[in-house]
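Each of the two complexes below includes chain A, the first together with chain B, the second together with chain C.
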Partner chain A sequence: MTEVTTPLWEVFIRARNGLSHKHAGSIHAADSEMALQAARDVYTRRGEGQSVWVVRSSDIVASDPVDKDMMFEPTATKIYRHPTFYEIPDEVGNM
Partner chain B sequence: MYSQGLIGADGATEEDEAFLQAFQKRIDAELKIEPNDPMPEGYRKTLVRQMSQHAHSEIIGMQPEGNWITRAPTLRRKAALLAKIQDEGGHGLYLYSASETLGVSREELTDQLLSGAAKYSSIFNYPALTWADIGAIGWLVDGAAIMNQIALCRCSYGPYARAMIRICKEESFHQRQGYEIMIALCNGSDEQKELAQDALNRFWWPSLMMFGPSEGDSVHSSQSMAWKIKRFSNDDLRDKFINATVPQAEYLGLSVPDPDLRWNEQTKSYDHGDIDWEEFWRVVKGDGPCNRERMKNRRRVHREGAWVREAALAHAQKREERKQTSRMAAE
Partner chain C sequence: MTDDNSLFDYVIRLADDHLILGQRLGEWCGEAPTLEEDLALANIALDLIGQARSLYDYAATVEGKGRDEDQLAFLRYERDYRNALIAELPNGDFACTITRQFFVAAFMKPFWHAMLNSKDATLAAIAAKALKEVSYHLRHASEWVIRLGDGTEESHRRMVDALDEMSIYTGELFEMDDLSKRMVEQGIGVDAAGLEREWRTTVETVLSEATLKFPEVSHMQTGGRAGRHTEHLGHILSELQYMQRTYPGLTW
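Here is the complex of A and B:
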C-alpha cells in the first residue's frame, strides 16, 4: 500500500464558450498536469467540455453551513432589492 | 453499472431526538443534504457503505466484460465494449469521490475492497463465458442497474444524487449496445440463437438478485426510506425490471427461464418464481464462481500499479522543489 496519499482536485468544466465553468466533481492526481488529464478522461468522455479547470481541493475556502443563517439570511428580508417590490402603473408598459 | 440493494446496512445512530427531528424535517421538505451539513452518524455511515459498495461494483464490474475486449467479433463491437467498460471505470471514480465528501479517504476505500471488508454487487462473480454473455450483461445487468440508479437520482444526499444523474445519462447506451448484440444473435443461425438463450438462462436469476432480498419489515431499510437514501423497496424495483424486461425477451423470441412467470391482471405486473437467496448469500460471502479470481485480479493490478503511483508522486514533489529553488534564486 502506498503511504503518501494522492492529492484531491476539484474539476470545473466549461460546456461551451459563453457559459461559465461549472463544478463537475473531483479526481485524484499527483500533480496539475496529471489532474488535467484525469479530469478530461473522467468528466469529458462525451463532448461535455471546451475547457477544464482543476483546483487543489485543499486550496478551496468554503463557508461553514453552521454560519448559513448569519451569512445569507439578511438578504432574504431585503425585498426592496428585487424589481417586483416597486409598483409601476400598467400604462407605462414593460420596465 | 451497477448498484445493488445495500448489503448489510447499519443505520444505527445516537443523536438526540431534537437533532434527529430537525434533520428529518429537512429531508421531508425534500431539501438535499450537502457534505458539510450536520447529519446523523447513521445517515453518514449508511451512505458511505452504500456509495462505496456501489463504487466497488463499478470497478469489479469491468472484469467480466474486459475479458471479451480482445475477442469482440467486429471492430464496431470492440469500440463499443471498450467505451462501455471505460464508462464503468468512470462511474467508479464519480462514486468514490462522492463517498469521499463524507470524510473517508480513497485509500481507506481501496483498502476495504482489497482486504475483502467491503462488498460489491454479487452479479460480477459470475463469468462471461460466451460473446452472448456480453449481450446479456448489457441488456440485463445494466438494465437492472439502471432501474436502481434512476431511483437513486432523487437520493437525499446531494453528491450521490448528482453522481447518479451523470451515471444514468451514460448507462442507456450500455443497455442498448447489449440488447443490440442479443438482436443480432437472435436473428442469426440456430447456434447463435442458442447462445443467446443460454446467456439469458444464466443471467436472468442473478440479475433479479441484484435488487437485493425482500426487505420485509427490516428496520434498516425503513430507516433508509425515511432518510430518502432509497425511495423504493427492493421488491418494487425488481418488479419494475421484470415488467420492462419480459416483453424485450419476447421480442427476441427468447424464453425467460422461470416456469412460474405469469402476468397478473389484478396487479398489472408479472408474478415470478422463488429466487434462490441461498445462492445469493453464498456468492456475496465469497463462494460464487469467480469471487476469488475477481479479487485476485484487483489486488494484482493494485500491486502492479504501486510503482506508478509512487513515481508520479515523486515526480510531482521533485518539480515542486525545483520550482521553489528557482523562485528563491530569483528573489
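Here is the complex of A and C:
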C-alpha cells in the first residue's frame, strides 16, 4: 500500500450531541467511503462516537510554524479580551 | 420450550458457526495488510465471538445439565461441532477472507432479520443485537469486494480465485434438514432456504459492481451440520481448546 493509492485522512469524532467534532487521529484509505469505515473501525471501538468526519489531510491548510510569533504572540498582552472582568449574577447559574 | 433436544441442537449450530468463524477470522490479528484492516477484522471477529457467547449461554440454559458456555465452546469433540463448513475454511489471502465474510454476512443479515420474529424471546433478542453488527460486516466486506474486483489486474484475479474457492461452500447455508424444519414449524427457527433469493440478489448486485461473476457451481459441499467436517476444523480446535484442556476450568 503506497501513499499514492491510500492517502492520509484526518479523523474527527463527535462524542455526544451538542459537542463539536474533535480531531482523533489519522488513517490511510483509498477513498472517502473506505476512510469512513477505517475511521469507525480504528477510532470508535470503545463507544467514543456518535458521528465521524474524515478529511483528506492534503486538503487541510495549516499555519506555518515560522509565522508563530506574528500570528499568535500579539494576543498575549490583550488580557481584556478574556471575559474575566465580569461578575456573573447568581441567577445565571453555571456558564 | 421443546421436550426434546431440538432447540439445544439448533442453537448449538448457530453458536458453532459464529465461534468457528470468529476464531478463524481472529487469526488475522497482527497479520492484516494494514493497521486499519487489522482492527476492522479483529472487530468483526469479536462481534462474532460475542454472538457465539450469547448463543452458547442460551444453549447451556436450554440443556439444563449444568454445562456453561465455556464447556460447550471448548470441551466438545470435532464431530460434535455443527458449524457450516464455510466457517472453518482457512483464511487464504485477503481476497479469500473477504469473500468468505461477504458470503456469510450476506446470509446472516436476512437470517437475523427473520429471527427477530421468532417465538423464542431469547433468540429474538440475540438477533436484534446481532443484526446491527452483521449489517456493518456486510457493508465492510461489500466495499472491499467492489474495490478488489474492480481494482488492479492482480486483485481482480485473486477475487476470481476466491469466488471459485468459496462459492462451493455456500449451498450448505440454505439447507433445511428435519431439525431446521421442526424449528420453523414451531415458529422458533428461520427458513434458511427462503433466504436464498435475497442472498443471491445481494451477492450479484455487489459482484456486478465489482466486475465479477458468481461462478457456475455444479456441486455444493456439505456435511458440517451433521458433524462431518473438512480437515481444517481439527486444527482450529486444537488451538481453541488448548487452554481449557490443559488447565480445566481456567477463567480470566
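One rule holds in what follows: the second predicted complex is superposed on the first by the 77 of 95 C-alpha atoms of A that agree within 3 Å, B and C clash if a C-alpha of one lies under 4 Å from a C-alpha of the other, contacts with A are read in each partner's own complex, and residues count from 1 in each chain.
Here is the rule we go by: contacts are C-beta pairs under 8 Å (C-beta built on N, C-alpha and C of every residue); 3 or more make two chains touch, one makes a residue touch a chain.
If you're wondering where the values come from, they're calculated on a predicted model, not measured in any experiment.
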Should chain B and chain C be called a clash or a fit once both complexes are overlaid on chain A? clash
Between chain B (first) and chain C (second), which does A:S26 come into contact with in this model arrangement: first, second, both, or neither? first
Touched partner set for A:Q37, first chain B, second chain C, both or neither: second
A:V54 contacts which: chain B (first), chain C (second), both, neither? neither
Where does A:A62 make contact in the superposed view: on chain B (first), on chain C (second), on both, or on neither? first
Touch test for A:I13: chain B only (first), chain C only (second), both, or neither? neither
Regarding the shared-chain residue A:R45, is it in contact with chain B (first), chain C (second), both, or neither? both
By residue count, is chain A touched more by chain B or by chain C? B
Common interface residues of chain A - those touching chain B in one complex and chain C in the other: 1, 6, 27-31, 34, 41-42, 45
Note: in the complex, chain A contacts chain C through residues 1, 6, 27-31, 33-34, 37-38, 41-42, 45
Spell out the residues on chain A that touch chain B in their complex, using ranges where they run on. 1-2, 4-6, 8, 25-31, 34, 41-42, 45-46, 62, 64-66
Within their complex, chain B touches chain A through residues 34, 36-38, 83, 86-87, 90, 93-94, 97-98, 100, 105-107, 111, 162-163, 166, 170, 306, 309-310, 312-313, 315-316, 319-320
Contact residues on chain C for chain A in the complex? 33-37, 39-40, 43, 139-140, 143, 147
